[in-house]
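Below you'll find the structure I mean.
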Amino acid sequence: MPDLQATLSFARKDFALDLDIGIPADGITALLGPSGCGKSTLLRLLAGLETPHQGHIRHGDRIWLDRAMDINLAPRHRRVGFMFQDYALFPHLSVARNIAFGLRRGVDKAACVRFWLDRLSLRPLAERKPSALSGGQRQRVALARALAAEPQVLLLDEPFSAVDFSLRQELRLMFQEAVADAGIPVVLVTHDLEDVRQVADRVGVMIDGQLRRLGPAEDVFARPGDAEVARVLGWPNTLAVQAWERDTARGAWGQVAASLDPLMRPPEVIAIHPDGPTPTSGQGLPVEVTRVTDMGGYHALLCRLADRSPLRIHLPKSSPVPRPGSSARLAIPRECVIPLRERSTAPNLTYPNPRHA
Amino acid sequence: MTSLVACAPASLALSLQVAGVVLLLFLVCGIALGYLLSQPIPLRGLLDAIISLPLVFPPIAIGFFLLMAFGRHGAIGGWLHQTLDWELVFSFQALVLASFVAGLPLVAKPIQSAIEGSARDLIEAAYTLGKGRMETLILVVIPVVRRSIVAGLTLGVGRSFGEVGITLMLGGNIIGSTETLSLAIYNRVLDGDFDCAAKLSMLLGLVSLGLFFLLRRLGRL
Amino acid sequence: EPLLIAAGAGYKKPLTEVYAAFEADSGIEVQAAFGNMQQVIAQTRDSGRIDLVVGERGFLTKTGLFEHFTPLGKGRLVLAYGIRPLGGYQALAEVSVERIALPDPKKAIYGRAATQFLERSGLMPEVQGKLMTLATVPQVSAYLVAGTVDAGFINITDALGIRDKLAGFVEIPADLYDPPVIALAYPEGRPVSAAAKTFADFLNTDRAKAIFAKYGLQ
Amino acid sequence: MPDLQATLSFARKDFALDLDIGIPADGITALLGPSGCGKSTLLRLLAGLETPHQGHIRHGDRIWLDRAMDINLAPRHRRVGFMFQDYALFPHLSVARNIAFGLRRGVDKAACVRFWLDRLSLRPLAERKPSALSGGQRQRVALARALAAEPQVLLLDEPFSAVDFSLRQELRLMFQEAVADAGIPVVLVTHDLEDVRQVADRVGVMIDGQLRRLGPAEDVFARPGDAEVARVLGWPNTLAVQAWERDTARGAWGQVAASLDPLMRPPEVIAIHPDGPTPTSGQGLPVEVTRVTDMGGYHALLCRLADRSPLRIHLPKSSPVPRPGSSARLAIPRECVIPLRERSTAPNLTYPNPRHA
Amino acid sequence: MTSLVACAPASLALSLQVAGVVLLLFLVCGIALGYLLSQPIPLRGLLDAIISLPLVFPPIAIGFFLLMAFGRHGAIGGWLHQTLDWELVFSFQALVLASFVAGLPLVAKPIQSAIEGSARDLIEAAYTLGKGRMETLILVVIPVVRRSIVAGLTLGVGRSFGEVGITLMLGGNIIGSTETLSLAIYNRVLDGDFDCAAKLSMLLGLVSLGLFFLLRRLGRL
């Protein structure tokens, strides 16, 4: 099963991308990052729609790009299934024909199209033109078109963002199955953390054109490494530490206890996980509750700390909920506090790294 | 219809034949040039200008220069005559050449600007789906800009219908043999035979309208 | 008020020179329009602004648009050679001559003159199949220059103008056709201005006559 | 504060929209529904970009549309802030000028544009053309453009779908503030249930061109009314009931106890809330655990019931997690089971309904 | 440059003046017509066809008919002459009219198809932002389809440069006063003065190239 390996440098006015990435052929690699960090650009570079100023891309033992050797395989020879963020559907072709567009010769086109129409609940729309589709319908057609072409690599730019909750669940399952069968490198750009939790085997986080973190999903979620990455991964509470006293972190916001690795330099930032802290009548971090929202499975509390910086906490339905406007003290278990750097210094896991291998 | 064409019986068929051939040529060359001009090729600006140039010269002057080039003493004509024993001047091909030169810019330019305006992303999408340049052109670009292709073809064929100056010089305006419908009108007008000119104009108008509507129908498909 | 004079395109060279001489002489400005005769007629009728017209008398008379005429001279027909020199008009019958161009007899006075000549000289039956009827004299000239026809009938003014580019030319004897009479015509219903009179008088001067003669109009 | 009231009938090939909706001028009305149900079409009808075959729209006491009286106010006189699902940014204008496009005369344009650039973190991009923006950046420009024009009604089609977690949090807060100040009717189309939970005061659910449910957010989430609506609102588990025995519902999938209203006809469907059920060693619903996902704050269990239909359960981190592949029994508290109709018969709350008022 | 223009000194300035006026007219009418034709107005197909028709008739025939209509005895010309004592024929305005008629379809059609192709959503967006039809046209439609506008203007002005037939009839081909650059070329060619014709053609070519590049530059802004 050929993997995909890339080392790329690319620049345009006000934006530079510079990274090393390795994507194995099993499982799904989710790519996250703030808006404008370069996710779509990375996908375009991998697909050959953009040419890096320096770089090297290898698929299995086939070289797709080597600036030094002046090799640059044309996009159509890379056989990349690419789903564009704005879909780029062919306006003159029906849904069925859009899906059939990339099919290889020798495939039973009608059967294949029918298969994908069914899988993405598009059957009744088969003869429509894209202009007569709703946003979510278009998105599904784009997804079907990319999947149907039997690509060797799959690059998807926010494939589920425009569909409702239950369809999204179905699509995720469908997608996982489809990809598990294929055994190809898959990159999924998404902003939805549930997508990531449910389908991703690996997670990459891009910040500002750089791959700050790449690794197995659980590992990346548990140890984001730096504050920016943590924020992307849904750690809403990052607090700057002014001083460490044994294993208690102190700042204008108050103080919490944390487990510190005695061999490492104490971190400058800590993150507090929203799940875990609970109101207590004893010792705890003093907060003012500003807002309580029923999130279905839990209550979300928006609080303010002593220095008025925000803190977001999720309380299980079973525990008592303080009133908005009231003051409270929060017990913060040690395992809910993780140390972070301002910026990660930990090396990324870039899966057999071509530079060092 | 028969009464309309009575003044110049052969001209309608001739004009339609020329228009038919030119339409095919425009389809191929107009689209190819429009596509080429929309891509980042070297010397694009120059090519662009050269294609538009025939438009700015008086047709009769273009006809004259072409006549000099394709005449027996001309660079191209002399060679054609010697090696192939073939003479362009006075022939059906000359009429086609005249119409082609006059109409080409009108076809290529609208197609070029349409491709630049709206087909970029779709071309990329086709590439990722494994299609080459040629397939992309045929499967994506042409259908997507078909409105502009129709607009361009309408202009180009229209101009080719109405073109007189180049045709006059190259085709020779030989009554009954290289007299197209518009040359017939031109001749009748210069003869002072306004009745006949009006009838032929009516005929040309009707035929053109028919062609326009046909093209528009095709563009909607 | 400048004087607006329209004339057949064939007389452009001599007339341009005559106008210049007249302007220098009288100080009256001449606006010169040239064109195909049908066009000149249409413009005379529809614009109502043309003071004088120069053209062939017979043609102008038929239109009924003119009151009276002043003859200026006679035009002369020549046979010009395109590809290589021929030995006079008798050579037209030879097989090596494949194409002979002439202006349209229905439209152009020199076309009519050329047919008259071919008939009177008895050449017509032999050359009939080789004739290419073109629209105008300038077009015949262009074809001669391009080497597309072996020979062609044009007027002497044109022939003199493109002498360097031709393989040669011979004048056709005046008795074998009716030489066209070039005349100055006064449009009906337009009062003859003093300037127009002055111009008509100027055409009778030796100076004007010499210019016409230089271009073969006598 | 003028509200917005509409009664609309609209049809196109294969699709018909027929509804009554009332949107008060305080708070935010979220609109949800499966892909293709007509949400964007409804917004277009309200904005005047589409004309209904029959209908009536009233803003405060001003009539925008009355087909019977042949009144149809042009879009530009409706002063609707409209955010298009595909953004429709002006490609020839910079970000700043796109935002300034709809500003009224007399406003300090520069100041206003600066304000919105800052609020949506677009400041460094002010001079870019839309073609040089990433997907999420474009979305924010579209949002800023709609908000900046000081509209009388705000209609937003998926305004936050393309931005990352932490920016999304910020945008939600920003948006709530901005709208609270304005006091105008606001409709927010979204597929993200967190958006709805956090910002919506009212929720409307559209199915197949009809407004099936409209009411205060908590009420709609707690009592979706019918199975289709429930699925849109994130009730993943709906089970068809074959028979009722006292207050126990029975089906091929097993049986659970539920509180039944004795005065009502027993419902045909029940929904089981994912938060609440727990594994038990005693009596319970037998399931096979197929998948366990760490969702950060909880574990998501995907199970199969006796008839192989899926059941999704969320377990708090504190409770023990069965292994994937194992069999388990689930204790299902009564309050986690809600009765549903196949299709709702309950009247919608359409806030002073013009037909009945 | 001076040596190039020596054969017909006034013609360059005249051609440029005509082109300037016609360019302005095209800007206004071409865009307005293109916009109109892209909207769902009644009788659109017919209007569309009528605009394209001048293209299919020989220019000299159009010139003849216009001369008759605008001449003293003509329907329009008679009225103009009687009520305003104004005569179109042989005037500068006649040259402008000739160029305008010849070039209008070349400007309007590409603009129409561009608007149809790419400006629909943006027009809706502008409406929701409180802009009227006119503001939308100026602030959105024109800038968005500016490539096609430039393409259309290039074609239209090019054609107006090269137009001979209509100009000849309406303008009168009066040496030094209504002799445009292309008429001058036409005249020189028919006179057999090929040297001069070649020089003037060179001049016309250069001027046109200059204009094209200027227009392209404007289109890129």
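As written, the chains take the letters A, B, C, D and E, and residue 1 is the first residue of each chain.
Note that in this section contacts are C-beta pairs under 8 Å (C-beta built on N, C-alpha and C of every residue); 3 or more make two chains touch, one makes a residue touch a chain.
Keep in mind the model is a prediction, meaning the values are calculated, not measured.
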item: Set of chains adjacent to chain C and to chain D; value: E
item: Chains touching both chain C and chain E; value: B
item: Distance from chain C to chain A - Cα centre to Cα centre, in angstrom; value: 87
item: Computed distance of Cα centres, chain E from chain B, in Å; value: 20
item: Chain centre separation in whole Å, for chain E relative to chain A (CA means); value: 57
item: Per-residue multi-chain contacts in chain E, two or more chains; value: 64, 189-190, 194
item: Sites on chain A at which at least two other chains make contact; value: 86
item: Numbers and ranges of chain C residues touching at least 2 other chains; value: 39, 42, 142, 145
item: Touch relationships between chains, expressed as pairs; value: A-B, A-D, B-C, B-E, C-E, D-E
item: Interface residues, chain B side, partner chain C - complex; value: 64, 67-68, 70-74, 77, 87, 89-90, 168-169, 172-175, 187, 189-192
item: Touch list for chain C against partner chain E, complex; value: 4, 6, 9, 12-13, 16, 31-35, 39, 42-43, 45-49, 136, 138, 141-142, 145, 158, 161-162, 165
item: Chain A - residues contacting chain B, complex; value: 47-49, 74-76, 78-82, 84, 86, 88-93, 101-102, 104, 145, 149
item: In the complex, chain A residues that touch chain D; value: 13-14, 32-36, 38-41, 85-86, 124-125, 132-137, 139-140, 157-158, 161-169, 191-194, 197-198, 218, 221, 231-234, 236, 273-276, 293-298, 300, 312, 314, 316-317
item: Chain B contact footprint on chain C (complex, rising order); value: 36, 38-39, 41-42, 83, 106-107, 132-135, 139, 142-143, 145-148
